[in-house]
Amino acid sequence: MQELKALVRAALAEGIGQGDITTNATIRPDSRCQAWLIAKQDGILSSTKAFRAVFDCLDADIHDWKAIHDGASFERGDRLIEFQGWTAPILTGERVALNFIQHLTGIATFAGEFRKAVEGLPVRLCDTRKTTPLLRKLEKEAVVHGGCTNHRYALFDGVLIKENHITGAGGIRPALERAIKGTHHLMKVGIEVTNIDELHEAIAGGADAVLLDNMSVEMIGEAVKICEDANVVVEASGNITMENVRAVAEAGVHLISIGALTHSAPAVDLSLIIKNV
Amino acid sequence: MQELKALVRAALAEGIGQGDITTNATIRPDSRCQAWLIAKQDGILSSTKAFRAVFDCLDADIHDWKAIHDGASFERGDRLIEFQGWTAPILTGERVALNFIQHLTGIATFAGEFRKAVEGLPVRLCDTRKTTPLLRKLEKEAVVHGGCTNHRYALFDGVLIKENHITGAGGIRPALERAIKGTHHLMKVGIEVTNIDELHEAIAGGADAVLLDNMSVEMIGEAVKICEDANVVVEASGNITMENVRAVAEAGVHLISIGALTHSAPAVDLSLIIKNV
Amino acid sequence: MQELKALVRAALAEGIGQGDITTNATIRPDSRCQAWLIAKQDGILSSTKAFRAVFDCLDADIHDWKAIHDGASFERGDRLIEFQGWTAPILTGERVALNFIQHLTGIATFAGEFRKAVEGLPVRLCDTRKTTPLLRKLEKEAVVHGGCTNHRYALFDGVLIKENHITGAGGIRPALERAIKGTHHLMKVGIEVTNIDELHEAIAGGADAVLLDNMSVEMIGEAVKICEDANVVVEASGNITMENVRAVAEAGVHLISIGALTHSAPAVDLSLIIKNV
Amino acid sequence: MQELKALVRAALAEGIGQGDITTNATIRPDSRCQAWLIAKQDGILSSTKAFRAVFDCLDADIHDWKAIHDGASFERGDRLIEFQGWTAPILTGERVALNFIQHLTGIATFAGEFRKAVEGLPVRLCDTRKTTPLLRKLEKEAVVHGGCTNHRYALFDGVLIKENHITGAGGIRPALERAIKGTHHLMKVGIEVTNIDELHEAIAGGADAVLLDNMSVEMIGEAVKICEDANVVVEASGNITMENVRAVAEAGVHLISIGALTHSAPAVDLSLIIKNV
Amino acid sequence: MQELKALVRAALAEGIGQGDITTNATIRPDSRCQAWLIAKQDGILSSTKAFRAVFDCLDADIHDWKAIHDGASFERGDRLIEFQGWTAPILTGERVALNFIQHLTGIATFAGEFRKAVEGLPVRLCDTRKTTPLLRKLEKEAVVHGGCTNHRYALFDGVLIKENHITGAGGIRPALERAIKGTHHLMKVGIEVTNIDELHEAIAGGADAVLLDNMSVEMIGEAVKICEDANVVVEASGNITMENVRAVAEAGVHLISIGALTHSAPAVDLSLIIKNV
Amino acid sequence: MQELKALVRAALAEGIGQGDITTNATIRPDSRCQAWLIAKQDGILSSTKAFRAVFDCLDADIHDWKAIHDGASFERGDRLIEFQGWTAPILTGERVALNFIQHLTGIATFAGEFRKAVEGLPVRLCDTRKTTPLLRKLEKEAVVHGGCTNHRYALFDGVLIKENHITGAGGIRPALERAIKGTHHLMKVGIEVTNIDELHEAIAGGADAVLLDNMSVEMIGEAVKICEDANVVVEASGNITMENVRAVAEAGVHLISIGALTHSAPAVDLSLIIKNV
């Protein structure tokens, strides 16, 4: 929470500067209002806590807070959140609060659509590290709100040897050897492969998990069988779209990771309206 | 620059955690490489300086840096940037660097498409405060790289009375009166109006600029004439799309502000490849 | 408030170092006292909130707080503030609290004297950016408490072309042209002029406001007439003293800005006394 | 230096906000200038390093720097500092740089006048903790540049029992006892006294130093004799002015501490002028 | 407290990283537990406040807190602290909380043993600046909890001329002269000496206190007599052990300072156990 | 490096306060010296970079730096590091630099002794999270310098279910189930067991690794055989001493983790001496 407040404060500093001159001039400090967050399109809500933190950081004295929960679906016209408080800080914080919640609800909504596309299949859809700088935590939570799951968080909590590591290490074998030796005993070692030969080399080298990069659905199917025999976790990635995600899932991979979840979800249109009380 | 480095350092902390365990295990500290940033689709480049700062913050000892300039158009397959440096920090920083440049190039590219849509017309397309938390500065620069312009930066450097301020102040007149009186003498006062009656009231109240919110193209045309007579700056906003932007521009407004420029531009696909040297 | 507390904490760190060894040695932790802030000369109070924040930051458990309000006039011997709390943190914070309130009450008092000097005239007296580093916000508030008003806050929220900008830009015209083009549409453009020729050039160049720098009262009178015809805001500045301020005001300018308000106001003598309870 | 830069950066953030819109619009980024700091009155210089740090923090690429040294006397019209650099950051930093140097030169100049007033006498004039919040270090250096000396820096590096401590501790004796016992063995213990009885009590209680508060010159003379016999350091304080400081010094005290040195020194008028190069 | 919380937060950031993945996965957020801190060996407790602050910083909602006080002796098997709270944050904070309290209780316990070794003698045992980086404050408090006392805190609050200063200054005399002249009047001047000749020189030079470095007990005895005559405070230091400390004390020094108190005290074994409630 | 400098700066702030009054008074700013770090006992060096960073942070202008490398063994009397620089900052930084290097060399030396005790056996000795608050990174490096290896760094980069987690989760099975399901696919799951029954339950529950807590050597031997059959990583921990470590290793575990490595290593005695140059 500490951390969220720090993030929100930085966003407020960025969005306000040394004071909200319009609100300060036009709104009496003792005005209170009722406020509603209204959906202007369908979606799945995320980050009500960032939305709320904005007003708390501005000492808006929020009362009578009602909100649907993160992860809940909503329709155009729904009132998602309602609350009372001081008018001035509510107007000062409005844009920053909306910037958070529209972006993150956008991600949850987008993730929900992907989730729907693979309905009934035993695959995990997960995010990547392709997140917006400084918003990773909130974005990864939004992915979960949308019904998908999280991959490793950062470079620190998972070993995943990518193409450039293989180049730098001089091949799949030396890369795997060093990774297995150089990491503590509670870590698995994953590696990216782009064809069946590399996959065989990875398994022979002791990989615990493989990432199939940009393979055709056919090749993925072939790879899945090899991995099953070797008891290796198998993940597909690379240019996954709403159109092809189901086919990839049906090919039998354990996980599909999708960069677009966090880097290309459009904002969801939400609006704050107030009434003096 | 100071500030950009702080931003980049925070993004690195988020993306690395306490160390890049894959790179540390697989790449020898004395390996150097040549690296290329390759375009996987057409676009307009933005934020090479954030991209570069990532590697500088990691002491990657970058040499032989060549880059097309921010604002330059590129095509799929182009090499946008190339450089040499230590392999390990380059791989450690790769994802964070790409996260910045793909997002911001996405905005510049999107802005460029809007700009193209109004080619030849004397209108200024500008951004809004609907930016990603903590990335406003870079996003506003990307908007300029894409050929559009910037609106006010924050709540501190421009007076713009929005619908909720009018509600809170008890009407257009009292809102304008207080704003004119409560702001220093180097500020203009702008106000949002949603119909012709409100426009007349705003002009009578002394507004220096008006924002026409979500009006039809016809009503915008009418409003423009009224504003011309009153010597008032006129801006249109609200649900501007690639499809309707030209019609709004042709209605004669001075500015069109477009939230989607910064909140819904998809990332542009860029890729970093390396070769040992 | 967040920001004020940060300022106060920094001042406490500076004024205490790693601990108040005198108080820690001499005062029992469970001693409580009644304290009074006493005026040793006449003045106008400012910054009770910084004074108070000092003791709150030290967890002095302040009770029964009574204070005259910021902006109130007082006379020698008056009790301005009284309160109860733990003796030790009150003594530890005493000097820092006094340093804030004596300095800022000094400014309010000085501003009040200037205000009195132009009593009955429709001029606005305002401050400048000649403030004490890191105290601008509090000093600008003190100026208002003393009955004057605020100019722009910083370099970000107002365009004011000064002599050195004109030199750097190669003249009044190019400076104005660039400023008008290079700023967003909610900003006016102001410029400093030192004689009537420059004033004409500024008006012709499209200035919205002019600052008459160091002109004689006669020349100011002449300038005021020209500005009235051109509908331009007119401000006088430069070596304004208690002696000449009324004459300048009578010449008809809209604003007079006075650096001395913030850079040369002497501290007002205030004293804290305590009684054990 | 680290610390000075942090202070200067905070002052720049305060004085600039999110960008210097006037300079950015009017000055070409590749313009260079020659700049001079000119004295508009006589004085003693202080804080050239803060002045310089402002431009370094803004990457103004300063060259050909010439400056008289801190502590040097100057006369109206003198060129105190001259240098070359980028015009834009020089104009952006000008006001902040002047705010530092005018304030601190004001203190050095004021201290120099006090120093002159006691010329030839073996007394030390020193400052107090009545400094401007966050500027203590620079102000204490300015006091030295003006020819006076420094008292303890903060509450941590000297034991000085003031009137309120005596009240809180229940008298001079218990206060001294606790202070002697409660402090490490490398500290002396000082105490404030207001009359001869208290002085005797302080000496009997083991004080190493006494501060004579607001005593008449006659009483000071009497106190000095008593202290000489007791081998106790003796300091006078309280309402010391340019008029009475010599008389107090002649009464034979070792030190005179003067709050006005730092809390009421008027700024010295200095001006920065530039020429394009 | 502010400061302690900042320290604890930094320790938590170090010990947790971006989240406690084991606890988050295994413990339901609404589980509460009863927890006990159990002693696995005898000792003297220190730093319950750091231990507690860990759980407060994690919002563990601690209730029914019972703890023996800092400085209390305990025996193997004793319950030192007990409390209730949310299970998840208690397990997340457990290790960090134990790291603080085991280390600091280790110091208090070690100090208590030294204290016991000189029981009945009028000597002060004190710590040195040989503390663990960033833990000085807590370690110095632990020293007091163990029955010893504190030397100066840092380089700022005491003048102590060590061997390297003497070398750098060119001898005992010039070092003392400069120190006496260069420090404010509330400071004593201490100096390190290694033999009787140096001791005589130090006293002649005006030292207020001497530190006898690594002298034999015989030489210490001789030095003590000389110091008594000169009314100089005398401290012994250098390789003081549990075995020789009593002999040194009996030689009559006022203080003995012992680096091992803080740099070599072994941690005391304490353990946290929980029960679901 | 960034991070190390921040740590060192914090340690310097703690150790100096607002200035080193002894050095400032006694050492001329233009004095330079040659300095040597001398071993007063045998050991293994660690953290030369923290030692060096202290002087760099103080701008000591270090030249002619020669140092044996971290991890090198040394004997009493050896010169470990030598360098030249400004005398004043070297003396100001001396204690802080020594505090780092003596503590960390203490850990490396202690780790080296443990390493020697299991010479020739294929076991990994590793550290725990029982590190000194804020020094974990340096301490873990010292462990490696001493010839041991590192366990997980923090709660974020490894799943290890401890006794309290089992209590909180309601048993070994539910704890393992939740951990396996709740963690990303690149993580192994480890669990603490205290007897053979628990071990069987852990293996049946899908544990990838087990920590044998405080078992007798005989029970460890039995556990090792069970783990070999199940292809599970096996680690022993709990009251490992220099005396019993070899027996535990010979029982066949893959790893032995030892809290004392970081929480109870005594400082190694090192000394800095200087000569004027």
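As written, the chains take the letters A, B, C, D, E and F, and residue 1 is the first residue of each chain.
One rule holds in what follows: a residue touches a chain if its C-beta (ideal position, glycine included) is under 8 Å from a C-beta of that chain, and two chains touch if they have at least 3 such contacts.
Worth saying up front: this structure is predicted, and the values here are computed from it rather than measured.
Colleague: Where the contacts of chain B and chain C overlap, which chains show up?
Modeller: In this structure, the chains that contact chain C and also chain B are A, D, E, F.
Colleague: Which chains are in contact with both chain B and chain F?
Modeller: In this structure, the chains that contact chain F and also chain B are A, C, D, E.
Colleague: Between chain D and chain B, is it the same set of residue numbers doing the touching on each side, over half shared, or a different set?
Modeller: Mostly different residues.
Colleague: Can you work out the whole-Å distance between the CA centroids of chain D and chain E?
Modeller: 36
Colleague: Distance from the CA centroid of chain A to that of chain B, rounded to the nearest Å?
Modeller: Centre separation, chain A to chain B: 21 Å.
Colleague: In whole angstrom, what separates the CA-based centres of chain A and chain E?
Modeller: Centre separation, chain A to chain E: 47 Å.
Colleague: Which residues does chain A have that touch at least 2 chains other than itself?
Modeller: Residues 17-19, 21, 137, 153-154, 156-160, 187 of chain A touch two or more partner chains.
Colleague: Going by the touch rule set out above, what shape does the chain contact graph take here: line, ring, star, complete or other?
Modeller: Topology of the interface graph: complete, with all chain pairs in contact.
Colleague: For the complex, which residues does chain E have touching chain D?
Modeller: Chain E residues touching chain D: 126, 149-153, 156-160, 184-190, 208-209, 233, 235, 254-255.
Colleague: So in the complex, which bits of chain E are touching chain B?
Modeller: That would be residues 17-18 of chain E.
Colleague: Can you list the chain B residues touching chain D in their complex?
Modeller: Residues 1-2, 137, 153-154, 156-157 of chain B touch chain D in their complex.
Colleague: Can you list the residues on chain D that touch chain B in the complex?
Modeller: 9, 17-19, 21, 57, 59
Colleague: With touch defined as at the start, can you tell me which chain F residues reach chain E in the complex?
Modeller: 7, 10-11, 14-27, 31, 33, 87-88, 91-92, 94-96, 98-100, 102-103, 106, 129-137, 153-165, 167-170, 174-175, 178-179, 181-183, 187, 259-260, 263-264, 266-267, 272-276
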